[in-house]
Amino acid sequence: MIFAKVIGTVVSSQKDPNLNGKKLLLCKEVDHEGKPLKSYHVAVDAVQAGEGNFVLLSYGSSARMTEETKNAPIDAVIIAIIDDVEVTHVLRGDGAAVQRGGAAARASRKS
Amino acid sequence: MIFAKVIGTVVSSQKDPNLNGKKLLLCKEVDHEGKPLKSYHVAVDAVQAGEGNFVLLSYGSSARMTEETKNAPIDAVIIAIIDDVEVTHVLRGDGAAVQRGGAAARASRKS
Amino acid sequence: MIFAKVIGTVVSSQKDPNLNGKKLLLCKEVDHEGKPLKSYHVAVDAVQAGEGNFVLLSYGSSARMTEETKNAPIDAVIIAIIDDVEVTHVLRGDGAAVQRGGAAARASRKS
Amino acid sequence: MIFAKVIGTVVSSQKDPNLNGKKLLLCKEVDHEGKPLKSYHVAVDAVQAGEGNFVLLSYGSSARMTEETKNAPIDAVIIAIIDDVEVTHVLRGDGAAVQRGGAAARASRKS
Amino acid sequence: MIFAKVIGTVVSSQKDPNLNGKKLLLCKEVDHEGKPLKSYHVAVDAVQAGEGNFVLLSYGSSARMTEETKNAPIDAVIIAIIDDVEVTHVLRGDGAAVQRGGAAARASRKS
């Protein structure tokens, strides 16, 4: 799954019947700290996510595994609103994973 | 799902029987404002999309979940014609999502 | 689906039994005008495509939806030989889709 | 499958019911020597992986093929903790695969 | 499917039970001439491939369609050892596919 922020909504009146009543949200992909990356995705909301929320997106056939999305022709769904990303390790240049201290671990937290 | 604009049609006489009668549309990937990105895709039309339309594409096994495309060997389908993309938030450099005003929110709207 | 040109064949004697009798073709991804892009793909042929042909490739689980490929462990199939790609619209820098004239529309046609 | 290192955890209270009780781990993609690449992924843990571990990630519908993840709307799962990657061959510029000696073969090993 | 060379093995003792007894091979993606590209993949071997072999990789749900891999949470499988890639056509800058002579056609062959 990847991180995204919900930054808007997509409105369509002429669409596949399986999309009726589903909320289509405009999502900007972000990194684990919430910083914007390049991609935009449109995802169906399965968790009552609101605009501005930091969320988790799931892709492909897995996007049809929620009650909200089963049998729909959609390939992306919001499966969680993220409360916290706790980074416990950093990778050195040689690939070793080094544990971060408790305070630093919370430095990248976005509520 | 991603955004695209329909810019043409693909004609084929020698094809898999499951494609008979299906409209194959040439789609240029665009961003949420309709600005062209690099990729081209060929998608089956499931919503009577016309050339020039701003549409939503779904990929992978999900592309077979419409009446038009079930059991067909296709991996991309047009599932909606987009009326409006309303951008309600912008992301600052630090990743914070800031709400846009009502007027600004409609600045990127493409009808 | 994406565009490709068939530029060769792949020969293998030691392979999964489900590949027996299937033609494995070397495909170079191209754009809608037939100009070469970077990727190479190996695809199973489901439409009697020949070397040099301009074809349509389908990926993923959809690649198993032809008579030729069902239940085979393959992720790419040629589903159509392309006769013509008719480009009817061009995208301006601001994203507007502008209709092309009849003659121009056929300028990128590759037979 | 690709390599990753587990560098943190993702906390969410508002999520799809199928995610209840599942551990969501923040994974940084790495190469076969454990050196960090660009992508971040969030994956469900199916093998009691701990933070700092060098692991194997599986994607797409395959991510739902573990006891831990079946029917969940997730597209990435940790399927193994890696003890050793033994590189036995190197590729020359012309593409020939040349066997490495026993000692060199273990040079890139990360425990 | 894509081309790869098998350059090593991946060892794991703590893994999903469905991986027991399966050989996990380190594969470097290569082009049709066997020249190394950037990506590394870990794939399950379904054809008794050995290290140093030039092979064909299949991805996604299709990777579960071999006897060796059915129901396993894996997204990549080696489905063939390649004997020969015969390039019969080259693409000119304008996209035309031009037939190569018999001798030249075999120039890129890798056994």
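By written order: A, B, C, D and E. Residues from 1 in each chain.
As a working rule, contacts are C-beta pairs under 8 Å (C-beta built on N, C-alpha and C of every residue); 3 or more make two chains touch, one makes a residue touch a chain.
All values reported here derive from a predicted model rather than from experimental measurement.
Asker: By the touch rule set out at the top, what is the minimum number of steps from subunit C to subunit D?
Answerer: Graph distance in the chain contact network comes out at 2.
Asker: Using mean CA coordinates as chain centres, what's the gap between subunit A and subunit C in Å?
Answerer: 32
Asker: Could you state the distance in Å from the CA-based centre of subunit C to that of subunit E?
Answerer: Inter-chain centre distance comes to 20 Å.
Asker: By residue number and range, which residues of subunit D touch two or more other chains?
Answerer: 31, 60-61, 63-64
Asker: Viewed as a graph of touching chains, is the assembly arranged as a line, ring, star, complete set, or other?
Answerer: ring
Asker: Ring order from subunit A, via subunit B next?
Answerer: Around the ring, beginning at subunit A and stepping to subunit B, we get A, B, C, E, D.
Asker: Can you list the residues on subunit D that touch subunit E in the complex?
Answerer: Touching subunit E: residues 1-3, 31-32, 46-48, 56, 58-66, 69, 77, 79-91, 93-97, 99, 105 of subunit D.
Asker: Name, in rising order, each residue of subunit E that touches subunit D in their complex.
Answerer: Within the complex, subunit E contacts subunit D at residues 5-16, 18-19, 24, 26, 28, 30-31, 33-36, 40-43, 51-54, 60-61, 63-64, 71-76, 110.
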